[in-house]
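First comes the structure, then the notes that go with it.
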Amino acid sequence: MKKIMNQPKDVLNDMLEGFCYTHEDLVSRINDTGVICRKFVDQGKVALVSGGGSGHEPSHAGYVGQGMLSAAVCGEVFTSPTPDQILEAIKQADQGAGVLLIVKNYTGDIMNFEMAQELAEMEGISVEHIVVNDDISLEPRQKSDRRGVAGTVFVHKILGAAAENGATLSQLKNMGNDIVTHMATLGVSLLPATVPEVGKPGFDLAEDELEFGIGIHGEPGYRREQLKPSKGIAQELVSQLKSELQWEKGEHIAVLVNGLGATPLMEQFIFMNDVQSMLQEEALVVDYKKVGNYMTAIDMAGVSLTILRLADADWKTYLQHPVQTPAPF
Amino acid sequence: MLTVENTTTWLVTFTDKITQQTAYLSELDQAIGDGDHGSNMARGTTAMKAKLENTAFTSVSELFKVAAMTLISTVGGASGPLYGSAFLAMSKQAEASTEDVPAIIKAGLEGIQKRGKAERGEKTMVDVWAAALDALDTNTLTHHTIEEAVHETKHIQATKGRAAYLADRSVGHLDPGAVSTGYLFEAMLEGDIIQ
Amino acid sequence: MKKIMNQPKDVLNDMLEGFCYTHEDLVSRINDTGVICRKFVDQGKVALVSGGGSGHEPSHAGYVGQGMLSAAVCGEVFTSPTPDQILEAIKQADQGAGVLLIVKNYTGDIMNFEMAQELAEMEGISVEHIVVNDDISLEPRQKSDRRGVAGTVFVHKILGAAAENGATLSQLKNMGNDIVTHMATLGVSLLPATVPEVGKPGFDLAEDELEFGIGIHGEPGYRREQLKPSKGIAQELVSQLKSELQWEKGEHIAVLVNGLGATPLMEQFIFMNDVQSMLQEEALVVDYKKVGNYMTAIDMAGVSLTILRLADADWKTYLQHPVQTPAPF
Amino acid sequence: MLTVENTTTWLVTFTDKITQQTAYLSELDQAIGDGDHGSNMARGTTAMKAKLENTAFTSVSELFKVAAMTLISTVGGASGPLYGSAFLAMSKQAEASTEDVPAIIKAGLEGIQKRGKAERGEKTMVDVWAAALDALDTNTLTHHTIEEAVHETKHIQATKGRAAYLADRSVGHLDPGAVSTGYLFEAMLEGDIIQ
């Protein structure tokens, strides 16, 4: 394992310190926790709180700021944060209009966020949660088991703008659930990630292999294949997303090409170029597009492709809404 | 019967086993999960042990509650809320009685199932809790029965937790949470809690 | 070599197509060239043109836009662009107030940009150029031979804001040269980069080795060592920069921690945390700081550290000036 | 004496040698540079060859000028402006006379040195251009003298171009630009340009 770090067990703390120092104009950390809060709060607006295990930088702390999240709860690497910390975040974020938790669909995250929600409700705070499960990798399994991956940042962005715009807790919850049903993501991995405390790669992949559908914690995908050109990867991912979303010609969509950590922009733009020409063949109208590292998997090499059907015209406006966050959006 | 003393010994022994087997637990988790079960449990039980050794408890119920809250706030992942919910439920049961050890374990198992919605046979820690409870009920909890229950998870296909993503490829691997639960009951045996 | 790409020889074109598609609201490409121009021009202002070999994404095309560059010339991977393309960029960028070329100090870049400057002058355009040589890696060699690396983006940013603010060509040239004398950068590499057309890593580094002072094209550094903790790396780089810049307590500086392509933000923030505590010991006042991938070396793992002494109070203002560019700044 | 025909043959032969040795030239550049000299020269000479084969030239000067402009606009890196400046200077010289081949090569060398500021002995293409010129002047240009001049760069420490970053570690490696220049003069020999 070759990493720039000190003790593996200190990775989370060291990283959060560096992050909060770098972005001290926008965010601060609640002492001795993994909770990152924004410095400028929207009085009277619903607060959005997200989080999960670390290792997905800039998610989620990078999206704390005006127009997006009110707080992010950062767990240990690839490990859900604990209910007491999530509770701290909820208490800090709440401005009296309630708190919406945005949770990615993993057993650990669900349980910890639910426990925190129960605790917060006992303290009289209105809390709701939505579950993001955009990863269509494991087709045959039931939809409720799907993992939450890069599409989560679209949820942050749209709901963040809507919250700033004065949407209520129940409106945000409904909107969030609606977004999730119109969104699908699929990833491809070329090289595995290494969790610092584990010290070795999470899986093996031969020098000429890639794996489709891998999760952002290295969870297994749906197929291993010979390494293929970008065009072929785009073809596979777009056609899988198509059979999930069942889009029609002329539909408006948002597209996210997301790097998994070790894949440079060069490759991401090449991939976007191939995606673009396929979407053009499909006669889709791409109203919003992003390329970059938004939801990484530590140092995994690969990309994911997210497509969101813009079923509601507001979503486009909200996606384009300017934000003030450590990570650009 | 549980006392503050033997319960402390039990959980400290549990911690020591986890600490010794941290790498092994993570390795098991790397095969069918995300490789953090060892460090999650080590972080949590170490914090719990420190709390237990630095607190003067007046009841077993209080002890379990502190253990629960410590695990909940330090383990994280799936196992944190699950062990935490177990110990929280055990704390409630111990309020009623510390005599009936099987009843306390039964409460723990129910706490886990309420939180995690897993049934027996889904290749999770539930399998070992349930087997241990059966054994306690029939007075047959031994190193052998625990080992057997843990080993049994190898042949099951996971349908809950991260290992479920592997579908049939999860068969042939021990469930890490089942193994750590095995240590909990091993520690109980060594603690002379049951006659 | 594991890369998401099609034919290695098409990497530049495919990447530029994907880039221009993604950022079509801000930039466009001059057909059949590697020249990326901004869509909104500042009439009557001096235009900044930068460029060099590709493989340093988001540099330089990512910094084309309001408040920064007017155009970027993208050569083949790690290969200087040609004079005819640079000339096209100059012609396109010129708004009548002249064009400043920002060139990194490599034989190839210098020669190609100089030839382009000569050609442009023959066409009656006022052109000046500055040479950025911030890499202090090879101490004993003469200063004029130093390579240009990540500090270049500070030059783009400060001069870009100054140009927007109405500075003249000669003012910008002087300011640029002044910035360069107050700036130093040093990098560390953990894993080499692979040029697509070469197909194998540019150098070898053992599993437990790192190399200090490596260049952004994999040029040799000044020392190979055992892999060390982030703190030790920060110590080495900060103390080298100190002996170059000879700063004093209380001085104001800008800091850039730059990822080289394959190193995730997690490690960059950890590193920034260690840098931060060393700068604090030095009693320096950090007025401006950035962490992220600004000047990469394809898929090299590692970081570089740039320190700019804020010798002129305007520089801070200009660094903070908002920009509208594909890559955030 | 240079004619449109033998000059075309010369540069086409040069292109073919570069095309055959692309990987080798890049390998040499990878050792002491950035590994692109082969692809730079292959891209440029291929474009040049296509231009030469599709244009009807009325003079050698015109031919060199088109070759120069093509190289300048397609090679990139350090070698593009250098070969380009050489051919541009050779074009000018060929305007005056196409009889005196050494004078044309001398002009080319001066073009390179004006652009790149390298002297002989700095481990660059200059070394082979200069050695070839010496040999032309004394009528001793042969495969052997070219090979020797190229080989000589192995023992020099680079003080210009990327290889200079390696300081004494550049010793022991051939200079890639010297090797590609060697092909230029080999092609000249094979083209029956000099008697």
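Residue numbering begins at 1 within each chain, and the chains themselves are lettered A, B, C and D in the order written.
Heads up, the rule we're going with is that a contact is a pair of C-beta atoms (placed from the backbone, for glycine too) under 8 Å apart; a residue touches a chain by one contact, two chains touch by 3 or more.
Since the model is a prediction, treat every value here as computed from it, not as a measurement.
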item: Contact distance in steps, from subunit B to subunit D; value: 3
item: Set of chains adjacent to subunit A and to subunit B; value: none
item: Interchain centroid distance [CA atoms averaged], subunit B/subunit C, Å; value: 54
item: Distance between chain centroids, defined by C-alpha means - subunit A, subunit C (Å); value: 29
item: Whole-Å separation of chain centres (CA-atom averages), subunit C against subunit D; value: 31
item: Category of the chain touch graph - line, ring, star, complete, other; value: line
item: Chains grouped in pairs wherever the two touch, ordered by label; value: A-B, A-C, C-D
item: Residues of subunit B touching subunit A in the complex; value: 26, 30, 34-36, 39-40, 43, 72-82, 84, 115-116, 160-162, 164-167, 169
item: Of subunit A, residues touching subunit B in the complex; value: 9, 53, 75-85, 106-108, 111-112, 115, 138, 141, 145, 147, 195, 197-198, 202, 215, 217-220
item: List of subunit A residues in touch with subunit C within their complex; value: 2-7, 11, 14-19, 21-22, 54-55, 57-58, 62, 188, 190-191, 207, 210, 227, 229-231, 233, 257, 261-274, 276, 289-291, 293, 296, 298-299, 301-303, 328
